[in-house]
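Chain lettering (A, B and C) follows the sequence in which the chains are written, and residue indices restart at 1 in each chain.
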Amino acid sequence: MNAIHLDNMTLGYDRHPAVHHLSGHFARGSLTAIVGPNGAGKSTLLKGIAGALKPLEGSLRLQERARLAYLPQSADIDQSFPISVYDLVAMGLWSRRGLFGRIGSSHRIAAAIEAVGLGGFEARVIGTLSGGQMQRALFARLLLQDADIMLLDEPFTAIDSKTTSDLLALVQRWHDEQRTVIAVLHDLETVRLHFPDTLLIAREAVSWGATGDVLTPSNLLKARRMIEAFDNGASPCSRAA
Amino acid sequence: MTLSRRALLCASVLLVLPTPLLAQEKLAVVASFSILGDFVREVGGDRVSLTTLVGPDGDAHVYSPTPADAKAMAAARLVITNGLKFEGWMDRLVKSSASSAPVAEATRGIAVLKAPGGHGHEHGKKDKHGHDHSGQADPHAWQSVRNAKLYVTNIRDALIAADAAGKASYEANATAYLAKLDALDGEVKASVARIPAASRKLITSHDAFGHFARDYGIAFLAPRGISTESEASAKDVARLIKQAREQKVGAVFLENITNPRLIEQIAKESGARVGGRLYSDALSGPSGPAGTYIQMIQHNIRAIEKALVPGPA
Amino acid sequence: MGMNLYQLFLAPYVEFDFMRRALVGITALALSGAPVGVFLMLRRMSLTGDAMAHAILPGAALGYLAAGFSLPAMTLGGLAAGVIVATLAGLVARLSVLKEDASLAAFYLISLALGVAIISMKGSAVDLFHVLFGNVLALDDQVLLLLAAVTTATLVIMSVIYRPLVMECVDPGFLKSVSGMGSTVHLAFLGLAVLNLVAGFSALGTLLAVGMMMLPAATARLWTADITWLILLAIFFGMVAGYGGLTLSYHLDAGIPSGPAIILAAGGAYIASLFLGRQGGWVWRLLPGRHLRG
């Protein structure tokens, strides 16, 4: 009944593991932060869960018919493309409406835009948005996707604190709605304050569970000692789970 | 005794050996395009080993010589060109192939026909030697059989100059061929006579029939810009259609070197018939209707007569 | 001049069938080329369009070699070549260290040389020019039918893939995460581009067909940033250029060939828009006016 189940999963590029031998689960409706030093494999893990990367070894199972929404680290968005905020947000409905369905529910779109604090920006071309405004728009799109599992990769990096707190409120709302939310974060304070569960990884799981239990000084020290670079002369990994 | 007989045998063998080689050595001649090539073959016969540069259905106006051509030029003992600036690329080819062969112009001594101004056209944007007829001599002199006879005598003389030993052969061949040309000339005149005087006008896409027009009395309308050039302006096409309508031109002819669709469109709009193909600057392949010069002229005049004589299409 | 408006603007088309046909053909090209051109431009693939136009050449050349100036042969040949080059370029980009622009450049250059060589084998430089430049004044029923079919197909397919196409342009990652249609849409769009180039090629030749796609789109961009308006304006500019170029080629004594005249007209509109366009036109930049209150 778990939202996501990982079984000795290894993800990487060109046979070098970015994160390996990961086993565990994300319970339904949980709100988990993924933390770790740079290069620990956090983004890679999220990509693997989102289905953008196939595991090198091991497996990954999602709950049945789960709708996934994935917000990548720096969305590869072409901001020079001439569409409005409204159109960008409306994309969130696309997967349910298909090619031709009328995106009729304009009030839902408007509501989403309001919810992220971008009321009045509907007609603006996305090229004119600031970093914070763009992130809000992307959150509005996520809202409309109405997904069961939400994956956020460093959603608050390089954003002002007002936007951050507004969006965190949204994340809390999703948690209240029983959606499973997983977010990669850097700021441990934010994690301690807002995220009940944490997974600390450093190319492999260091600790996974309640935030208070995971983010201890000894765990953090262990994680910091992980080796960042891929070992070009590495031999095949012989370890079992 | 044995020694001297053997020596005699050797000597005679040695003397005899080169003779067949000598006897088989033909005069290497290069002709610039297919029509000239045909003439050279008729006059030269077996004594000549001929290379033609621009082959059947080729366009000598925009021809780009290949390395094989340069090789042939270097090996040649005689080069025959048309002259009258027909082959803009020939001078460069002679220089680059370092050929020491004499270059004979087949049109030497011809009564030059100045193409009327405004009938010029450019051939291809890349060809620096843009072939503009306006105000210059019309080089398609072979279209008149009378001129063709002059071509033949010029070629005969050039061959004799290059290969004096063959004089008798060349003269005999030329005379025989000239007689055939005379008959051809008569044929064309008779054909034209059968066309009612008022109908003796047609449209082609190439300004190549000036000599034919002058010597046989048929008016050829060829517009500027609609020839071997790639692009026509609407103005030229419109002008031509108007003219064809006003003068009630009977037939429009395609050519073996241009895009047929435009000509068909012009024919449709001016009410003229599409007369078929005329061969202007090149012979057809040997299996085609215009494999030799005589066949070419015959084909052309028969097509013209058929199109212009009123009657069932 | 002494010519009244009727003589200037309508008479050529009333009087001559070939002018009417040319106008119909060019209008069809403008109609279907515009949306394709707009998207090519927005996706920063303007030069890709040009490259594809050259890539088509050997296919059309083979068709020509097999059947002379036969429309079906050259069209099918061109289509095949375009699809092959687009696919190969994509494959090479995916399977090697080269990015798509380099691999496309490599293939289209090979393609172009191949095409020139093939045509030179059978025909002369003249035939090459006919294939390269086409002839907009000789659009027979066959060609017009082809143009009409391509226009219809383009408009239908574009309206179907419009949404995912926009998504694929703006946020391909998002499209990938919500649907697998990404590559299908990408290929369908490329296919449409090739189709339009092949169709345009019998009227304008390979070199100029891409002009009818890209110039109106670039011109429209100087007037608006809204997608719908971009497409509408591009169609408008394309048609105006077609009509203008044809009429100019008809009236001017200098005798400008019609194909280039049309592209020059489109180019003229573009240059004028650089100065006068509402979106950053240079004239407007010189007189900015006071900024607004909020």
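Definition applied: contacts are C-beta pairs under 8 Å (C-beta built on N, C-alpha and C of every residue); 3 or more make two chains touch, one makes a residue touch a chain.
Remember, predicted model here, so these are calculated numbers, not experimental data.
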item: Relative to chain A, chain with the most remote C-alpha centre; value: B
item: Identifier of the chain whose CA centre is least distant from the whole-structure CA centre; value: C
item: Leader among chain pairs (count of C-beta contacts); value: B-C
item: Averaged-CA centre spacing for the pair chain C and chain B, given as whole angstrom; value: 41
item: Whole-Å separation of chain centres (CA-atom averages), chain A against chain B; value: 79
item: Complex contacts: residues of chain A adjacent to chain C; value: 50-52, 68-70, 72, 75-78, 81-83, 87-88, 91, 94-95, 99-100, 125-126, 141, 145
item: Contacting residues of chain B [partner chain C, same complex]; value: 58-59, 62-64, 123-127, 224-225, 228-238, 241, 257-262, 264-266, 268-269
item: Residues on chain C engaged by chain B in the complex (per definition of touch); value: 12, 15-19, 21-22, 69, 124-126, 129-130, 132-133, 135, 137-140, 143, 205, 246, 249-253, 255-261
item: List of chain C residues in touch with chain A within their complex; value: 42, 160-161, 163-164, 166-167, 169-174, 176-179, 225-227, 230
